[in-house]
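A, B, C, D and E are the chain letters, set down in written order, and residue numbers restart from 1 in every chain.
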Amino acid sequence: MNILTLLLLVPVLFGLIIMVLPSSVRGSFKYLTLTATLIQLGISIWMYLYFKTGAAYGGINHEDQFQFVQKLPWISLNLGSMGKMQIDYFVGIDGMSISLLVMTSLVLVIATLSSWEIKSNLKGFFLLFLLLDMAVIGVFCALDFFLFYLFYELMLLPLYFLIGMWGGARREYAAIKFFLYTLFGSVFMLLVMVGLYLSVTDPATGNHTFNIIQMMNPANYSGQSIFSIAGHQTILGMPARTVGFVVLFIAFAIKVPVVPLHTWLPDAHVEAPTPVSIILAGILLKIGGYGIIRICLGIFPEVATTGAFWLGLLGVISILYGAFNALAQKDLKRMIAYSSVSHMGFVLLGIASQTAEGVSGAVMQMVSHGFLSTMLFFLVGVLYNRVHDRGINHFRGLGTLMPQYTAFVMIAFFASLGLPGFSAFVAEAFSLTGAFKSPSVNGLLPYWMAVCGSVGILLSAAYFLWTLQRMFFGTESLKGGQVWKIALTDLNLREKLTLAPLALIALALGIMPSLVFDKINDSVLAFVQFLQLK
Amino acid sequence: MITLTDFLVVSAALFCIGLYMTVSKRNAIQILIGIELILNAAILNLVAFGKYDKVNNSGQIFALFAIVLAAATTAVALAIILNVYRRYKTIDPNDINKLRD
Amino acid sequence: MTLVRVLFYFLSFIAIVSALYAASSKNLVRSIFVFFVTLFSLAGLYVLALADFVAVTQVVIYVGGILVLILFAFMLSGKETLNVLQKQEGKFFSMKKLPAILLAAVFFIVLINVLFKADADNLPWVRDAISLKNEITPKDIMIDNIGVNLMTRYLLPFEAISILLLVALIGAAHLSRKEGKA
Amino acid sequence: MEDFLHAIQSLNYTVAAVALPLLAALVNFCMPVKSKAAGWISTIAILLSCVLSTRVFATVWNNPQVHAQRIWFTIGQTQVYAGILLNNLSVLMLLLVSVIALPVHIYSTAYMKHDDRYSRYFTYLSFFCFSMLALVVVDSLILFYAFWELVGFSSYLLIGFWFTKDKAVQANKKAFIMNRVGDIGLLSAIIVLFAQFHTFDVDTIFGQNGSITQSVIKNGLWTGPVSQIPALWQYIACVGIFLAIAAKSAQFPLHTWLPDAMEGPTSVSALIHAATMVAAGVFLLGRVYPMFTQTELTILACIGCFTAFMAATIALTQNDLKRILAYSTISQLGFMILAMGVGAYASSLFHLATHAFFKCLLFLVAGIVIHQMQHIKDDNNLDIDPQDISNMGGLRKKLPITFVAAVIGALALVGLPLTSGYLSKDGILIQAFEWSDGHNAWFKIIPLMTLLTSWLTAFYVGRLIFKVFFGEFRLLKNNPDVKLHLSDGNWPFTLPLVLLAICCLFPLFSFNPFSYEHSWLFEGLRSSAHSTGEDIYHRLVPISVNVISLLVLFAAYRIYVRESGFTFSQRGYFYRLSYNQWYIDNLYKRIIVNPVLRLGSACFWIDRTVVDGFLHLLARISGAVARLAAWTDEYIVDGFLHLLAAIVQSIGNFARKFQSGKVQYYLFSMLVIVLLLFILKILI
Amino acid sequence: MHDLLPHIPESLSSVFGSIAFFMPEVYLAALFIVVMITDLIFGKHSLKLCRIVACAGLVLVMYLDLKQFTLVVDGGHLIFSNMLLLIRSGIFFKLIIDLLSFILLLYFTWDNKLNGHQKGLSDLYSIAIASVFGLHLMVMAVNLLSIYLAIEMVSIASYLMVAYRTENAFSTEAGLKYVLFGAASSAMMLYGISLLYGFSGSLDIIFHHTIEQLSGVNPISTSFAMILILIGIGFKLSFVPIHFWVPDVYQGASTPVTAYLSTVPKIAAFALLINFLSPFMFTGLWTGFNMSIAFSVIGIITMIAGNFAAVLQTNIKRMLAYSSIGHTGFALMAVVVLSLQSVSVLTYYLLVYALANIGALALATYFANETGAEDVEDYRGLGLKYPIASVCFVIILISLTGLPVTAGFTGKLFVFSAVYGVYQQTHNIWLMLLMVTGTLTTVVSLFYYIKIPLNLFLKRKEMAEISNKKSVNLLVLSIFISFILILLGIFPHWVLQSL
């Protein structure tokens, strides 16, 4: 039994169990889910420990360098004139995936813990939750575009319902907005996917294939096929490969989200229940980044290189624009949502730089933001559960009222504003380093982008501290008055148990970035080299 | 001698008249008559062309089938129209527009 | 200017004029009766096209069948239908009808255009037919030919249409019978 | 071999010295917030690290530098190392920090006794010590940046320690964000350096014939051993570093956070905002000194000089005890920067050391005074500001030890002979003059202004001392019924004072009380190139400084003591001298005091309105931008979406228009469309 | 006469020979008679019996269809003197049609409204069987006469089905509109046929020389005739601009009938369209307008019109009607790039679509039965009351939208790849436009499909009273269908392989 497959099957299995269990035992569902996620965490940690490193395990465009691979023939159809269609169940991971995979499974555990707050219709909730779980894990493991797309789309529906059914006041609007936004991206991705599959033939079998790794090899493109590099085909007058890249990029950029495709995020976050916003911020956004690395740059490297400036620009814009928006928010959750936009901007910037530092920084940023945003949203959730209000101006002097809570908030805030010793610092520093290095190394990005990016760091300090000052310090005064004062009890054990590991991990990653870098380094090098070779 | 074109022109005229009836008349039965006119125009064509198809004689036979089918259709249509009249007390299609956007 | 030609023009004239009248008249009953005339004249035209059998069928089924059916139809639906149907508004030419008329006119122009472009009289196959003596002449009787064809070449449609008629029968009966009793 | 063993040993000691406070911090963090044990834990920790660092100092000082590193993580091909670099500079700082920290800890145990977040306080304090100690010994720019920010972070925590005070919270936010500006500068500088030299190692970049020395700026390119980038980026790096310095050591224009930072506990101000953290900027400058070109150094000098002067003038008019000290700190830091600028590398650091001691001392004194005033305030609940010196006076009888300590500190600050301040300060002045010789006449302004500044220093120090300790207790005068029992306080208060006071005297640094060049510290740090020139300035400057300073002090005395002193002087005597007195006082007033005071208030006004105003303007602008961005998001980006939705709807509506429910209409439109298509087809 | 006499024997023998290839239809005819007779004999109580007989008969017919595969291993057969063509794909179409009609026949009685019809449903069964017969003819017809006949047959049956519930005003109105529209368009078609016949001199469009004859005629004339014929076929396919009747009729007819109309005739019509077009598209002799461009344009417009208009609907059936128009447009893509491969893809797509649509309407019936919900708003909060049904509904709608992991997605995928395959060779801009429109309309279609889950789950509403009569069969059916859809979504090749 391949371990990745196992990882994928665990949630399905537990989902089935929950499905058959009667609602009378609904109390046990959350524990079941927790077990599932814990098992997954165990598995992924095991994989992390046994993940081999070294130049021979770079992965990226070498199928044999992936690990824990399983490849089963799945769909193979004779499509007459268009040759045979070959779709495999093909999972495997390289350095890019492993760190994100571990991060994902941990975040899922946290999300489960935070879903204690869910009271209504538990069965549905946890079923959808586990479905989503399976999908996100799948996205990180899939190496077959068809499979990838399947998982990718599979995420939408559970999320739609999770937001829509357990969400806040304007949940319907948020859910639909989210759904349509992401669908818009992915349907066009479908077109490109089909085009790619018709252009690429597996040299071994001579069939058309969805194998992503095959797609990375220019040699596999048949001559006059639409996406062949030599062919220089055009679609509606534009060079085909550029079109393909842009379409895919838009699809993932919506997930990341990159300004101006981001407006679903604040709404979705604000309306979503805590566990869902945790998954949204912690995992979904990373899928965008991961997709850009693995798919966009992987399959259209030369377009990515020519367009690097624009990617970088978008990244910088996201950083600044997101930060400024965060500065203007009155709703705590919204503020954090926008901060995510800003932070994910660094990812894009790092990727665009196409330097080892930049890409590593980007991946690091994804991992670290995974943990930190999880923490932030969980903290918001804690407050919201107490008094069902998130208005920044409605609270004051929480520091005296909930000291431990405030302590964690401060940790989370300072960690995410890039205080050294926490993961975000290393990540952002290196994304910027990469961005700054690229002009001298590969001349893709201008110098000023790095500088603008660093301004983003300053702004992040501004909005986090301001929030801190407004909500937690000063003499206490609450909108809800005495009622709230009673309601606002300090963290309970479960919450502490949830938050502590996150804080520790953020710290650990900050002090020992090697935890991540060692695993990803080979892949990053392979990736950068691959990009340079084209 | 009568040329094909003569027939065709006549049928064309009938066709258009039928068309006019179908779209303009405020009465289901008259619309039906319009449709019959169109059918007859078609039949006239068939017959006219059939003149040059002696062996398998497709034109004329098709004409026969067409007539029979027309009869069947008309029967069904009338049955429905009667029902409509029962429900709506009118057979003006324009007044029968409960189903609409 | 043979007699046939005269006859043809006469019949077609009647056919068209009566059709026009049927189209224009506000009175349903009248238009139905005028439609008789159209059909008859058409039958005449069929005869001129040497399709006597078709002409007969036309008279039998259409005139004898359909029109009577139509008449019965609103006779059945009671006296008041008549009154309703009598007062159909509008002259032949009214603003309301303008679009329809335009449509018909344009169609007519297009059709004529199409037909003349097609130049029916010397279509290749027609010319072949004439040359190959595959053209029905007033002398030969087509009835048996038709019969044979129906029994061989067109057997399938012939059988199929029987089912169709049955369905129409069942359906029409079902629709028009009163609720409740089977 | 011997050296090697020493090296290993000292390294271990260093690590221990750095780690101990961290350990203490962790322990305290886990303690209940009120537990009194915390204080002792931290104190012992710092004591130990103090001892250890002394050992390290002993072994490393004036010996070849010790540098050890092990790989931290690998990113791409670049390997990032973490390590320790011990040379004179770092061990000096190591020692200094721990030594200063010790008395402050002791002092704090008493000072914070009644606070109900006692252990938190010590957690933060130890954490600060940890980061500060680490900052001075680390060898990698990344790590340096890390601790650089951590220092700022802990100061943030400590400033806002009483986070229920709004002013405190405002202050610590301001402090952190302004420091962040500096940090960004530093970060970009580090990135530039990395992009240029592909390493973060301080030693390989700035060390003996490090990359910096090998790289040259030629025709618009900054060419280093490994790569070359536009010269512009060298300047930007320098600007970045300068920003960092300006932010940390409160140089113009990023200095305004320091006075506000006085909202924190006084002991904290003593340690962080007087002695150690604010000096970090100077230390950084010392670390990266080689990368500055002459012009850049000159600019530094100007800024330092200006800051020093401005801060001094502002200090003249303040009434808040701690603010006065804060501004004086700024001005002293200005001195140091200036010194660096004029190439007086050694003196600058020398002054850093001495200043650390006496300023810390002064703050502790201030702490005691405020503490006492606070007591009075609490005992007979008055509505007074315990820090306002206009309420004090004549405390010298009530707080003798404090008074003595204060006087020593003050003299050191003014830089009168026999004090450490004399040595370092005069060194700076002299070298400033020497340096100005090298340049054209205009640059004379700098040393002259510095001179002037040191006189002003004398004045405000005088004002401070006299107002607080001489004359009579004004508070008593205003409301006579207050009962006050004042005392120096028990040993945790006094002991630190004594210790520091001793350290403020010359013997600790040099056995020749009049020549800075003979102080071991100076010799240890000065570059071999430095010549012990015996020129005119070595005579002129000290004399002029001290003589005039004394005059100024006297003036201050006349003004602040005697003016209010006539009440307890005999009538007759008073009448006889009243005239002259009036005369002299007026003279002083008209010629010295008023203009000076006016200048002071003017500077203060500028400081508050222009500099801070500018900052607020920035804040407001970014706020506005933020609102704009939010607006864009809501109306333009989302608006676009809604537009799309509207388009969809309208198309749908168009398609639905045909669905009138009239079958003939359907037929009609169907036919029309078909016909149109056909005609279209014909035409095309 | 005399020239015919010698031919009679062999033509007769050929006729009898043809019957071997005609067994399913023969049995269907027999079945029709049987059902009709049972109806007549047992009168009012015949319903159950008719139902059983009809369904059993259909099973038998399916079996016969399967047996026909053995006949076509050596390619297609023209039977009944070129009236019909029996080919592999045709058999598949027939199979699918029979299968679906089998489901539908079961489904008829489960709809309370239809079941409540006083005059009984037994007539409906005989009509349905007759229409299936017609559909079979449609699938196989290659002769203008048989085409016309088949279409008329199906149409008449459909008219009757729509208007079946005489006591219901909507149903009657729908019937009227349907019959008038249908009669008119079929009349046009007949006129077109007459012209085409006139121009070619033969009804056997499948033959080479027929097209040759046409190529001799002025293209404008032939295209006009062609357009008129396409009106007739389009009426069954309901593509723009011959789609106007669809919403009204689908809404007015009783739900099972809607399910019937929206699926089976459409499939047959596609088969017919393919049979009808292939001679024109493959023998390069057709001089009239460019078929592929024409159908591209039609397809694009149809997709847009259908999906965009559906966005603003509130009545479930009406919405599904529009969506079915959209699906027609999408399926037309495969027709544009007509080829053996695209035919199989098309078959798959239609099968999936039909299943999903039937499922959706079945669920609409279910909810109508349970709560009398007709409009989307009525579904508010039902999701938690009827979890299983609602989940099935969601799955089915997802399949209709074409998202993974449902058959709808694979269907879309294969259609796209078929079009892409051709695009790569020809770089025909229309194909790209088609695909882009297809994707765009997919997003749009989500707009309205999502309304149903939205109301089912997201909207809250305190429950109204619940009718105690549970329609379990419908539930089973929908579960079955959604299961199939998911299965095909994961393993499409199980079906597509054989097509």
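Here, contacts are C-beta pairs under 8 Å (C-beta built on N, C-alpha and C of every residue); 3 or more make two chains touch, one makes a residue touch a chain.
Predicted model only: the values in this text are computed from it and were never measured.
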{"item": "Chain D and chain C - chains in contact with each", "value": "B, E"}
{"item": "Identifier of the chain whose CA centre is least distant from the whole-structure CA centre", "value": "A"}
{"item": "Inter-centroid spacing, chain E versus chain B (mean Cα positions, whole Å)", "value": "26"}
{"item": "Interchain centroid distance [CA atoms averaged], chain A/chain B, Å", "value": "65"}
{"item": "Between chain B and chain C, centroid-to-centroid distance (C-alpha), Å", "value": "6"}
{"item": "Cα-centroid distance, chain A relative to chain E, in whole angstrom", "value": "44"}
{"item": "Residues of chain D engaged with two or more neighbouring chains", "value": "656, 659, 661, 663-664, 667-668, 671, 678"}
{"item": "Multi-partner residues of chain C (at least 2 other chains)", "value": "100, 103, 107, 110-111, 115, 119-120, 125-126, 129, 140, 145, 149, 153-154, 157, 161, 164, 168, 171-172, 175"}
{"item": "Residues of chain B touching at least two other chains", "value": "4, 8, 15, 18-19, 22-25, 31-32, 34, 43, 48, 52-53, 55, 59, 61, 65, 69, 72-73, 76, 79-81, 83, 86, 93, 96-101"}
{"item": "Interchain contacts, given as pairs of chains that touch", "value": "A-D, A-E, B-C, B-D, B-E, C-D, C-E, D-E"}
{"item": "Chain D to chain C touching residues, read off their complex", "value": "668, 671-672, 675, 678-679"}
{"item": "Residue numbers on chain E that touch chain C, as the complex places them", "value": "1, 4-5, 7-8, 11-12, 15, 18, 29, 32, 36, 43-44, 80-81, 83-84, 118-120, 123, 126-127, 130-131, 133-134, 137, 145-146, 149-150, 152-153, 156-157, 159-160, 163-164, 166-167, 195, 198-202, 213, 216-218, 220-222, 224"}
{"item": "Chain E contact footprint on chain B (complex, rising order)", "value": "4, 8, 11, 15, 18, 22, 28, 31-32, 34-35, 38-39, 41-43, 45-46, 48-49, 52-53, 55, 58-59, 61-62, 65-66, 69, 72-73, 76-77, 79-81, 83-84, 86-88, 93, 96-101"}
{"item": "For the chain C and chain B complex, residues of the former touching the latter", "value": "2, 4-5, 8, 12, 15-16, 19-20, 22-23, 28, 31-32, 35, 38-39, 42, 45-46, 48-51, 53-54, 57-58, 61-62, 65-66, 69-70, 73-74, 76-77, 80-81, 84-85, 88-90, 96-97, 100-101, 103-105, 107-108, 111-112, 115-116, 119-121, 125-126, 129-130, 134-136, 140, 142, 145-146, 149-150, 153-154, 157, 161, 164-165, 168-169, 171-172, 175-176"}
{"item": "Residues of chain B touching chain D in the complex", "value": "19, 22-25, 31, 93-94, 96-101"}
